[in-house]
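Heads up: the structure comes next, in structure tokens.
The letters A, B, C and D name the chains in turn, as written, and every chain counts its residues from 1.
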Amino acid sequence: MSANTAVAEKYRNNFLKEIEEQVEMGDWVKMCMQCGVCSGSCPTNFQSAWEHPPQELFMMILAGKREEVLTSSSMWNCTSCYNCIVRCPRKLPITHIMHGIAEYAHRLGMAPKMQPTRFFSGLFWKNCTHTGRVNELKLSLGLYFKDGFVQGVKNGMAMQAVAIGLLKARRLNPFELFGGHKCKDQTGIQAMLKKAYEIERSRKTAKMAG
Amino acid sequence: MTEHVATNETILVVGGGISGMTAALEAAETGKNVVLVEKNPALGGRTSQLYRYFPKLCHPTCGLEINLRRLKGNPRVRLLTLAEVTGIEGSTGNYTATIKVRPRYVNENCTACGDCERAVEMKVDDPFNYNLSQHKAAYLPNAMAYPQRYVLDPAIIGTADAEKAKAACKYGAIDLDMQEETIQVKAGAVIWATGWQPYDAAKIQPYGYGRFKNVITSVEFERLAALQGPTGGKILRPSDGKEAKNIAFIQCAGSRDENHLRHCSRICCMASLKQTHYVREKYPEDGKSTIYYIDIRAIDRFEDFYQKVQADPSVNFIKSKVAKITEDEHGNPVCHGVDTEGYKRYTTPHDLVVLAVGMEPSVKGINIPGHIVADSSGFIEADPANGAVFGAGCASNALDVNRAVQSATAAALRAIQVVNKVAKAEA
Amino acid sequence: MAKHEYAFYPGCSSQKGASASNYLTSVESMCKTLDVKLTEIPDWNCCGASIGYAEAGELPRHVLNARNFALSEQHLPGQEIVATCAACWLGARETRERLTHSDTLMSDTREALKEAGLTINEMPNIRHMVEVLIEDLGFDEMKKHVVRPLEGVKIAGYVGCQTNRPFGVDGESFENPQYLDKMVEMVGAESIPEYEQKVTCCGGALAFSEPEKAQAQIKDIVESAYDHGAEMIVTPCPLCQANVEIYQGHVNKKYGTKFDIPVMYYSQLMVVAYGGSAKDAGLNGQVIKARRLEEIAAKPVKR
Amino acid sequence: MADIKVAAYICKGCGLGERLDTDALVKIAQKDGKVPLAKSHDFLCNADGVAMIKNDIANEGVTHIMIGACSRRAKTEAFNFPENAVARANLREGVVWIRPDTDEARETTQEMAEDYIRMGCAEVKAMTAPAGNPNTGGSKTLLVVGGGVTGMTTAIEASKTGYSVVLVEKSGALGGWAGKLYKRTPVHEPYKSPADTGVADLVSQVLADSNIKLYLNATIAKTDGAPGRFVVDVATESGATHTEDIGAIVQATGFTLYDMNKLPELGGGKSPNVVDQAGLEALASAAAAGDGVIRRPSDGAPVKSVVFVQCAGQRDTTGQHLSYCSGFCCNASIKQAMYFKDVNPDVDTTIIYTDLRTPGNGEDFYRSAQEKGVIFTKGKVAEVMPMGNTSTVKFNDLILGDTDASMVDVDLVVLATGQVPNSGVNIELPAEAAEAGTVEIKPISILNLSYRQGPDVPQLKQGFTDSHFICFPYETRRTGIYTAGPVRRPMDIAQAREDATGAALKAIQALENAELGRAAHPRSGDLSFPKIRLEGCTQCKRCTVECPFGAIDEDEKRFPVVNESRCRRCGTCMGACPVRVISFDNYSINSVGAQIKAVDIPDEFSEKPRILILACENDAYPALDMAGMSRNEYSAFVRIIPIRCLGSVNTIWITDALNAGYDGVMLMGCKSGDEYQCHFVKGSELGRVRLSKIDDTLKTLNLESERVRDLEVAITDIERVPEMINKYAAELVAVGPSPFKGF
């Protein structure tokens, strides 16, 4: 049974256990008491954005709704504003749990493919770890062209005014496209990150094995 | 009431609220000498500031009257008001308490005629009304005040007003030279019945208490409803004096919250359920209550009361911890959050928001020997290491009145056991 | 010797030609006046920001921040790390907290750092520039240097999220922080303490990935500033600054509004108040020009 | 009566001297009050004034004192003459403070004061200083019924205080419900894990205590007597009866779990794999004795999944099951879930609840369970369907909005059923309900009281024993008999132990006061008691039937027998007696009647009506006093007499008043009914029932029904009471003057 097709029994603990083992801060999920303060505190928490707000996602995890949780686009709506964290009466690190669940869904390949924030998140990470520093122009272009060339041009046009404004204010450098900011020790950074991934993977695998 | 001399067979009761009075009276009515110490100028404590009790909706002063009558008729209780225990030394069966007694500036000649009050101009905040109103600086703390004797606020001392008060008194009852005193009292056992204080609502930042005038606490709401309160029993909101008919009650304001109080304060759900009754009582036509809650804790026989309120169409229950409160252009507090039963987002304006604030034990900063054993919330635990210092009422746990009285009665027995042993040894 | 010295972590946006280059410019001018010496951590790298989460995982994210700690320790021993960007500060602080509380994470981090020839021995303190100003210098010291008070300018203090939560500035409240208002008063301008959107989220990275969701919030933030009569908005966060400033055009299109309010950094206000030129304050870096400040910056200094 | 000497003292302080003609009042006392000694004083309550009175007692032989000053509720320390009969004429709160200080009002205000002086003098003459009741008993032994945690705690605590105890347990072993538990919920920091029940320790303390006499397999065959002198027959299994002299009783008979067989929809009784909380405790205890693994009853397989159904048969609004919440079950289920998790974290434990109720530090226990992986699901269980060795639990998931949620292959289902009190016979159960069988009847008495009113302590509607459950929770309606533990209110072990300790104190207090012939709460320390002039008694039984505390029995000749130590001194018997043969030394038909008659009734042309107010001293009278303190004015035509309780109002007072020409009578008593506020529980209700028949009397007198008004007054009615008075006074003007004036 591959990770993607694992079936969680309803209202049993196995999906919760999976989350605890594989998701950053996942062992906090069970501490939720369903007060809903996180859901009410979320700035993007209008129904269309959040199909399932945080506290509901937690209940779904407890209820073993694995497929629905991991394929949901809900946690990708997190803006990292930390409102939920500071208000949670149980001190759940909700922002991190949302990121963690998203990361896990992404790792399993179950996250919605064209979820824009998922795409941007990956793009950002690749962009910044590539040279050690963010290349804002490439990042933007990468985002606009995620849905293909035509859509990219359209997106770019929509953002034209913004870009021109930034260019004029010297806050966007067109030459970033051909290099731009970077760290000197790129080799060291790559080696370091590679090692970090290795360690993390081995730890997660070990947990999965029990 | 009398002035017996305290000995090792005396029981010291700290706190003159319902728990302390109960402990003192139960011990005295079993034949023990008691010294009862109250920090306020009058007995009664926090329950005497309530409009009604749940679940019978009767008035707390009704029980207070009986307790005061018991006290007036009992020579075994010696009462010290305006007095605070600052330290206790010794061990089981042999304690010495140091008690700071603040000046009342009024002696026992006072007949409570009220001439001094009429004579003075100065006004000060009235703590009996949680400072929602002011009273004269020469005042009787409340209509039921016992001792039935006036008090001068320290702020008046040294002013011309103070002299006016003195001049107005025909009975030589006003003594402006009264000084703070420190006295020592012997006791064989000590009952701590210092009660609770409402959690500081300003610390619950998202609710804007202190920023928004129309966000008040549950204890303040009791005073708004009370017939002798600052509004004469009308529920008027603080910002503009408008009738507050659409009222939100927010549960767990501080309680069950690791950012604030870890424990559940037990009484707040019932208190809010009770307070919805006030809304209905004052505005039978169009009063409306909304209770935002996590779990309604109407424990044991109180469940009946909950069911009655549930059946009331003017009361709406929303399972949700309110995320934050804002204020709209009309000064209405607006509750924001999500109803977790089926995920419904709300942004609801109310005339008034009442925060059901939690209970904090009033035992902090008191010098008790041998380091009193308390739980993580500061409530005194029953522990042999506490010697003959016994917690009673809300100093020992988050309790409703019924349970506080039980606790105080039990504490009285524990104290009697100690002084009986002393008596036996001394015989 | 400068009065205060720190290891400086400017972050990706505060580089030349990057989206917060004007922040950098003004911070440098401000620090000069205040005799604060910032030494850039050599070869610092990106913090990973909160948005990198899909790929970052846990350890790689912390390793990335730890590399900066190691570099700082190596080159600027004993100095506290100061960040100007909310995300950098938060990311670094989170890493610090986690590594301090987990021995496993710490040893894993050290193992990965070894690959880059680095190590950490001691955990550095991570400070936000605002903390340095308030805690190390204090309002009195900051005020001393004001030679050109921004009299009559009404400014909404927009604190945003990440400089405020979950850590925030000591002693401030999450829901109603007041330090930015105090800074506005300090430079002689008029603050709006009752500005109710001061901690509303600007949408963060969602402003890029899902702009329509973020723009609703940006609209609230700007609208309320207008309602309170603000002429400009001030913020301590580069992402807040960018989002609130550059999307006003989009918001206008979508909601039919006519927003055109400058969004400034606290450091820009201070530089102008300290007598600096428009250029010193990076005013040329505004997409929506801060004409009022430019006018003041053009005035002679009262000495 | 021969050697009484009455003195009247009239104070001139607090404005009385300025507002009233006190010299005239002195004269009234001498002339109308006929007191040999009458004086006024500028400041009666100060040391000098009190010394004057004390001097008169010592040197002038004054025995009876009438003080015309402030209210009887004020200056109690100063006017404290315990050896004397004392009456207070309330000239301050009752006269000058409720009247405007105007020239027009002066005459009526003075008349009011004069009447109160007349009334005070009349009252005090009808009084004697009480000296405590006879028939005291000196037993210092407590009887504790029930050998569970509550009973054992009561016994141990009483013994520690120095009192001997007889402990009666109906089963063959001590321990009760708690004795069957594997563990209990924690009561100390850190509130994280189940704790030892402590029962073994309590049992060994009881067994080792020579002060505690233990009867196992025993019941109470008969309880006779009164506090201080109870005689109790203890019947043992062998059939033998042992008689014990007892001072006071604590009933700690606990509870029975609600029968889960009444919950077939939840699988109750349908499968061995559906158990109640007691069932699970047994499984856990059996597991602990073995390999620690809790096994499925049907086949002994280790339990891998367990579901706890909260509020099973509780909080029921349909009337079929228990309407209340038992309070302890949320924590109990958490504890039981931990039985599984602490042994094997892989067991799935789910608690399905609607409101999780873990007050106080229970919140820490709840959190600890979450940390251990216990799953809490907010939902309402619709059905438990056992099939083979497992069950399916169908429920409405209230958070996820799934009305058709279900869990399958559940090994064990635990139903959290509630506590049903073991409170004996419901002596007030309406006969028709008992016959119809609509209410469950527990026919077996626990105490077998030989009281006229029935064999057990009266109950509330849910079967718990009656008490003032807010301010005075221990006060049952049987003096000297206290109930403790879950028989009184659903509770857990910690609360039961606290309750038991408190009940021990109350029992000790009761027997000590009974020995001194003093009353128990709420007139604690009162030395007066009802005396019955049997020569005049017609054996009508009203006193024996009405006494709210079951104090009065009947002898073989059916005469009433007052057991004074059971009496709370409310006076309901006195109010009930149609031939007026019951009285207290300081409160009697005459002491009130004389006051009524002492009032000067102006003729019908004077336009000065007279209204008699009989006001309950516990609530209405303080409200009237406080109205005075607030200077809330009311009619000068009322004359107020405080009464012990509305229940003590004898209709003769009303007919006497009306015959004497009063225009109206207002009766002010406490709220009655289910949410009664009467400190004598049934007093105000009984008074009202009696007064509801006053209309007949009015008809025979040819008077309008408006002339008597029954009113509920609360102590907070400081504004309302003057309004009620003024409104009534205005109504009476419309009705017109009483036709009986001048006769």
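The rule is simple: a contact is a pair of C-beta atoms (placed from the backbone, for glycine too) under 8 Å apart; a residue touches a chain by one contact, two chains touch by 3 or more.
Since the structure is predicted, the reported quantities are computational estimates derived from the model, not experimental observations.
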item: Centroid-based (C-alpha) most distant chain relative to chain C; value: D
item: Pair sharing more residue contacts (C-beta pairs) when A-B is set against B-D; value: B-D
item: Geometric centre: closest chain by C-alpha means; value: B
item: Cα-centroid distance, chain A relative to chain B, in whole angstrom; value: 50
item: Rounded Å distance between chain A and chain C, as computed from the means of their C-alpha atoms; value: 23
item: Gap in Å, rounded to a whole number, between the CA centres of chain D and chain A; value: 63
item: Residues within chain A bordering two or more other chains; value: 33-34, 46, 55-56, 83, 86, 90
item: Set of chain B residues in contact with two or more other chains; value: 206, 256, 319, 324, 340, 343
item: Where chain C touches two or more other chains at once, by residue number; value: 174
item: Topology of the chain contact graph, where touching chains are joined (line, ring, star, complete, other); value: other
item: Touching pairs among all chains present in the structure; value: A-B, A-C, A-D, B-C, B-D
item: Of all residues in chain B, those that touch chain A in their complex; value: 206, 252, 256-260, 294, 319-324, 336-340, 343, 345
item: Complex interface listing, chain D residues touching chain B; value: 13-15, 43, 45-46, 70, 73-77, 157, 160-162, 187-191, 315, 317, 323-327, 355-364, 378, 398-399, 401, 460, 462, 464, 468-474, 489-491, 495, 498-499, 501-506, 508-509, 512-513, 521-522, 524-525, 618-619, 622, 626, 629-630, 670-671, 675-677, 679, 714-720
item: Chain C residues within the chain A interface of the complex; value: 12-13, 15-22, 43-46, 48-60, 63-64, 67, 108-109, 111-118, 161-162, 165-166, 174, 200-201, 203-206, 208-210, 213-214, 216-217, 246-247, 249-250, 284-287
item: Chain A to chain C touching residues, read off their complex; value: 24, 43-44, 46, 49, 77, 79-83, 85-86, 95, 99-100, 102-103, 106, 111, 116-122, 124-126, 128-129, 132-134, 136, 139-140, 143, 158, 161-162, 165-166, 168-173, 175-176, 181, 183-185, 188-189, 191-197, 199-200, 203
item: Contact set on chain C toward chain B in their complex; value: 173-176, 196
